[in-house]
Structures are given as C-alpha cells and as structure tokens.
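Look for subunit A in each of the two complexes below; its partner is subunit B in the first and subunit C in the second.
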Partner chain A sequence: MSSSAHTSTSAAQLGNAAFDNNVKMSAEFLALTYGALVQQMVEELTQEDAVEQVNQQLYNMGHRIGARLIEEYSVRSGAAPCRTFSQAAEGVALVGLRMFLGVSAEVAQVKDAADTFAISFQDNPLALFVELPDGPLREYLWYSNLLCGVITGALSLVGLQTEARFSRDKLRGDSKNEIILHFKGRERETFQVERN
Partner chain B sequence: MTLYSIYVFNRYGDTIYTKQWKRTSAVQHGEDGLVAGFVYTLQHISSQLSSTQAGGLRAVHTPLYKIHYSETMTGYRVALFTDNAMSTAVVQGALTELLKDVFIRTVTKNPSYRHEKGMLVTGTGFEDAMEALFRRKKLLT
Partner chain C sequence: MVVHLLWIINQSGQLITKTAFTSPDNIGELGANPDMQLTLSSVLFSTCGMSQQLTPNADPLDSACMTLVECEEHNIHVYETPTSVKFVLFSDNRTMECTNLFKELHALYAEFATKNPFHTVDDAGIGQPIRIPAFTEAIRTTVAKYQRM
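Our next item is the complex of A and B:
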C-alpha cells in the first residue's frame, strides 16, 4: 500500500509540475471554441435524435489529437514509459489530464477487473458554460467525448490498445464526471524492416 | 568532426527521413533498411542486457565511424553516422533536442503530418531546423 501511495504521489507531483511549467491559455477560450464545435456538429445532424453520430465524431477527432499530444506528454511531463496498465491509467489521470487541462482527477481500479480503471473528476474545463436541454441531447450526448478519443489515441501510440467511455457526466445530472478506461492489451511489435 | 548521414524511422520501420552529408561511399539500395534493423536489434539487446531500467543504445563505435542513436516514447528512432572523434555526450544532447524540440515543432505539430505507416517527413521545415540545431551545436560547419 505504501508503495502504491508513493507511486500515486509521484505521478500527481509530475502532473502538477507539468501543469505549472506549461504555457497557459484562457480556459474560457478553449471552452467556447469546443462549445462552438459541438454545437455545429449538433446543428448538422439530419435527424435530431442521431446524437450518437456526434459522440463518434468527437471521439474520432479526439483520437487524432491524442496521437499528437502523446509526443508532447512524453517530452514535457518527465513521466517514464508505463510498464503496467495501472501506471498507464495513473499517467492519464494524474499527469496527462492535469498537464493539459488542469484537471484534478482520481483513478481507481474497477472491482474484480485488473484491466479496467475509473477516472473521475469534478471540474470539467470543456463544459464551463454548458447546459444541455432536456431531450435527446441530455439523454444521449456525451458532451466531452473528445477526451475519450484523446486518451485512446495517445495510448495507441505507446502500444496500448484501450477503450475509453464516459459512464457519468455532471451535465446529465450525475454527481461527478467519470471515464471508464479499459485496457485490451498491448499492440504487437510494429517495427518491420523490408528487405529490398 | 564530420557528419556522414542521418536516418529517422517511425514505429513501423519506415525510413521517414534521411540525409547524406560527407559520406565517401555510394548509397546502397536498401541501405536504410539495414540501418533500421541494425539499430533496432542493438537497442533491444542493450535494453535487455542492462541491469537498470535506464539502459539502452547510445552509440556504436567502429574503427572507421560511429553510429549514434536516440528514440522517443512513441517509437521514432534516429541513427546518426559520424566520424569517431564525435563526443557521444555532445551528440546525445543534440539528438535529444532534435527529438524533443525540433521534431515536435516541425513534424508532430504540423497538421500535414500524420502518425501513419509510410508517412514521410517532407515539406515540414524539419531539415532546415535540424541543420540549424546541428550548426548551433558545432556538429555542422
């Protein structure tokens, strides 16, 4: 337990240091830009209740963003390469989210599942000024689904196959925001040299 | 002090960038693949033989030249061929800065580049920024 606590403290310290050292920008600017993006996606829906399309678009966009952010994470966070799923989950929750969004998240292993973790946080900078209207949006939209794509995109570039999905969202009336991160396994070695 | 050639590989083993400076022999067809396999294998041998978790390939010294190596967490690898007088520590510093600063600035943050199999580093300003770095470090004159 002390070893685990020490690891968590180290990861949290890395996250705080990475956040402090980062160039800052206006949280309002990010929130409004993201809001405009989501709103445009919703307005472009040909069917009002096809909200899952927005979730998927946000996820796909996030995946591509994550594939680039991981490079910056690896350089500027000072975090060592993760050797276990638990370390990777901590890297995401305590370093990555802290470094890029200033989020204070907690990470816990889901009971009876060694490869699944719950990342929970109270404040969501992407949803700063947002209220969802009653109806299909409140019921089906995961407003910050871009974050799930970012997480899986980043982890895929360090060889970890994962799934990430929101399980709770304060915008829907839940008491906190929660992402379930499931590790499907390690990518097989991709480096291959062709003999010409 | 002389630079002979540089190769950058992605995590798929593709040669995404290469440049020759003062090499004295002709470039052989398929040579980049041999370099990729060579540094990849040596990196794995070095890591597994290491008694600490910080082990890994830094440089290989031959009677005629030296190969310096560095890599990123995401699987980008660089091999730099120089003469034997090149300091391993100085080149390690330059390659680290190349991958930590130049590569991120001109490639990763360039919207026209994607982390995909076969995607080459072209038209990104990488070469100019790399050579500016090497001149600043006195590796290039």
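Our next item is the complex of A and C:
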C-alpha cells in the first residue's frame, strides 16, 4: 500500500510539473473548436439516429492524434517507460491527462480484472458549455470519445494494445466521467529470435 | 565531439532521415556510396533487435538495445525512443556518450515531425522519409552546438 501510494504521488507530481511547463492556451477556444467539430459531424449524419458513426469518427480521429501525442509525452513528461499495465494506466491518468488537458483524474483497477482500469475525472475541458439535447444524441453520443481514441492511439505506439471506452459521462447525467481502459497485450516490433 | 552523420530509423527499420555534418571523406564507403546507407541502416536495425533478444538479462523487454558500437575510427551511438524510433549518430572514436544531444534531437523530432499532420507516423508499418526543411535546419543548428573539432 505504501509503495503504491508513493508511486501514485510521484506520478501525480510528474503530471503537475508537465502541466505547469506546458504552453497554455484558451480552454474556451479548445472547447468551442471541439464543439464545432462534433456539431458538424452530427449535422452530416444522413440518418438522425446513426449517432454511433460520430462516436467512431471521433475515436478514429483521436487515434491519429494519440499516435503523435505520445512522442511529445515521451519527450516532455519525464515519466519513465512503463513496465506494467498498472504503471501505464497511471501514466495515462495521472500524467498524460494532467499534462495535456489539466484534468485531475483518478485511476483504479477494476475488481477481479488485472488488465482493466477505470479512469475517472470530474472536469472535462472538451465539454464546457455543452448540454446534449434529448433524443438520440443524449442516449447514444459519447461526446468526448476522441479521448478514448487518443489513449489507444498513444499506447499502441509504445507497444500496448488496448481498448478504451466511456462508461460514464456527466453529459448523460452521470455523477462523473469514467473511461474503462482494457489492456489486451503487448506487441513490440522487434527482431524475433526463436528460443528452444 | 565530432559528429559525422545522423540516421533516424523508424519502427519498421526504414531510414527516414539521414543528415551528414562533415565531408563524405570522413565516413569512408558510406560517404562514397550514399545508397549503401539504406542497406546498412537496415542491418543496424536488425542488429539492434538481436542485441535486445540475445541479452543475458532475464526479460528482453526490460533490456535496452545496444547503445554504443566502438570501431577503430568511429563510434556508433544508438538511442531508442519509447515509440521504438532509433536515432543513430556516427562520431569520432573518442566520444563515448552523447545522451544530451540525443534528447535534443528527439525533442526536435517530436516538434517538427510527429506534430506535422502530413508526416506519416508509422502506426501501420508504413513510413516515409521526413522531408521538412525546418526540421533539417533545426538538426544542423542543434548538432553545431556540440561540434568541436
């Protein structure tokens, strides 16, 4: 417990330092830009209830962002390469989200699943000013699904195959935002030597 | 420190950057026959993988690949990023480490290459040479700070 607390504390300190050292810009501009993006995707739906397409588009776009953002993370965060799934989840929640979005997130291992973690946070800078209208959007849209794509895209570039999905969203009336991060395995592209 | 040549090799072993800093005469066959750099960088990529696999350490994933190859006239320095991109520097034979230079070059790579939406990040096994003049200029400026004849 004490070693775990120590690790969490140092990861959180890294996150705060990385956030402090990062270039700042208007949170409102980011939120409005993201809002315009989502709104345009929704408008372009040929069927009003095919909201899952927007979720998928946001995810795909996020994946491409994450594949690039990981380089910035590795250069500037000061975090050591992760050796375990638990460390990687902590890096995402306490360093990455803090560094790039200023989010104070918590991470907890899902009960009875060593490879699944819940990342929860209260404030979501992508969703400032947003009220989802009643109907298919409120029911099916994961407004900040881009974040799930960012996480899986970033982790894939360091050899970790993952799935990330929202399980709770304050925009839908939940008490907090929560992303479930499931590690599927490790995949390093290195020269393979058969061992007998 | 005298730096003769920089390679950046992507996750799939493709040479995506080669920048020379001194006369081609200083690097023998690699200078006389630049096409050989494509072949030799692939050999180096495979050798790095083998050095990791053949390590006596218990778990290859916990081992870095080789970081320094010492030759008669040159040293070859290798730096692998967490995203498996390899930076390779050919230096004089008295330079034993250049970690600070590697870290600066890695920061330039993050800033000029990966953040450019039209530079292809290798997440599907396909890479492209980096042809960004500002990046090349930034590399030259950074290496110049360390060059000492």
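Everything that follows uses one rule, which is that the second predicted complex is superposed on the first by the 188 of 196 C-alpha atoms of A that agree within 3 Å, B and C clash if a C-alpha of one lies under 4 Å from a C-alpha of the other, contacts with A are read in each partner's own complex, and residues count from 1 in each chain.
What we mean here is this: a residue touches a chain if its C-beta (ideal position, glycine included) is under 8 Å from a C-beta of that chain, and two chains touch if they have at least 3 such contacts.
Not measured: the values here are computed from a predicted model.
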Touching A:81, do we find subunit B (first), subunit C (second), both, or neither? both
Is A:157 contacted by the first partner subunit B, the second partner subunit C, both or neither? both
Could you say whether A:68 touches subunit B, subunit C, both of them, or neither, answering first, second, both or neither? both
With both complexes overlaid on chain A, does A:185 touch subunit B (first), subunit C (second), both or neither? neither
Which of subunit B and subunit C A:135 touches, first, second, both or neither: neither
By the touch definition above, which subunit A residues appear in both interfaces, subunit B in one complex and subunit C in the other? 64, 67-68, 70-72, 74-75, 81, 157-159, 190-193
Along subunit A, where are the residues that touch subunit C in the complex? 64, 67-68, 70-72, 74-76, 81, 83, 153, 156-159, 186, 188-193
Complex contacts: residues of subunit A adjacent to subunit B: 64, 67-68, 70-72, 74-75, 80-81, 157-159, 190-196
Interface with subunit A, subunit C side, in the complex: residues 11-12, 45-46, 48-50, 52-54, 60-62, 81-84, 103, 106-107, 109-110, 114-115, 117, 121, 123
Touching residues of subunit B toward subunit A in the complex: what are they? 9, 11-13, 29-30, 33-34, 36-37, 40, 53, 72-75, 99-100, 103-104, 108-109, 114-115
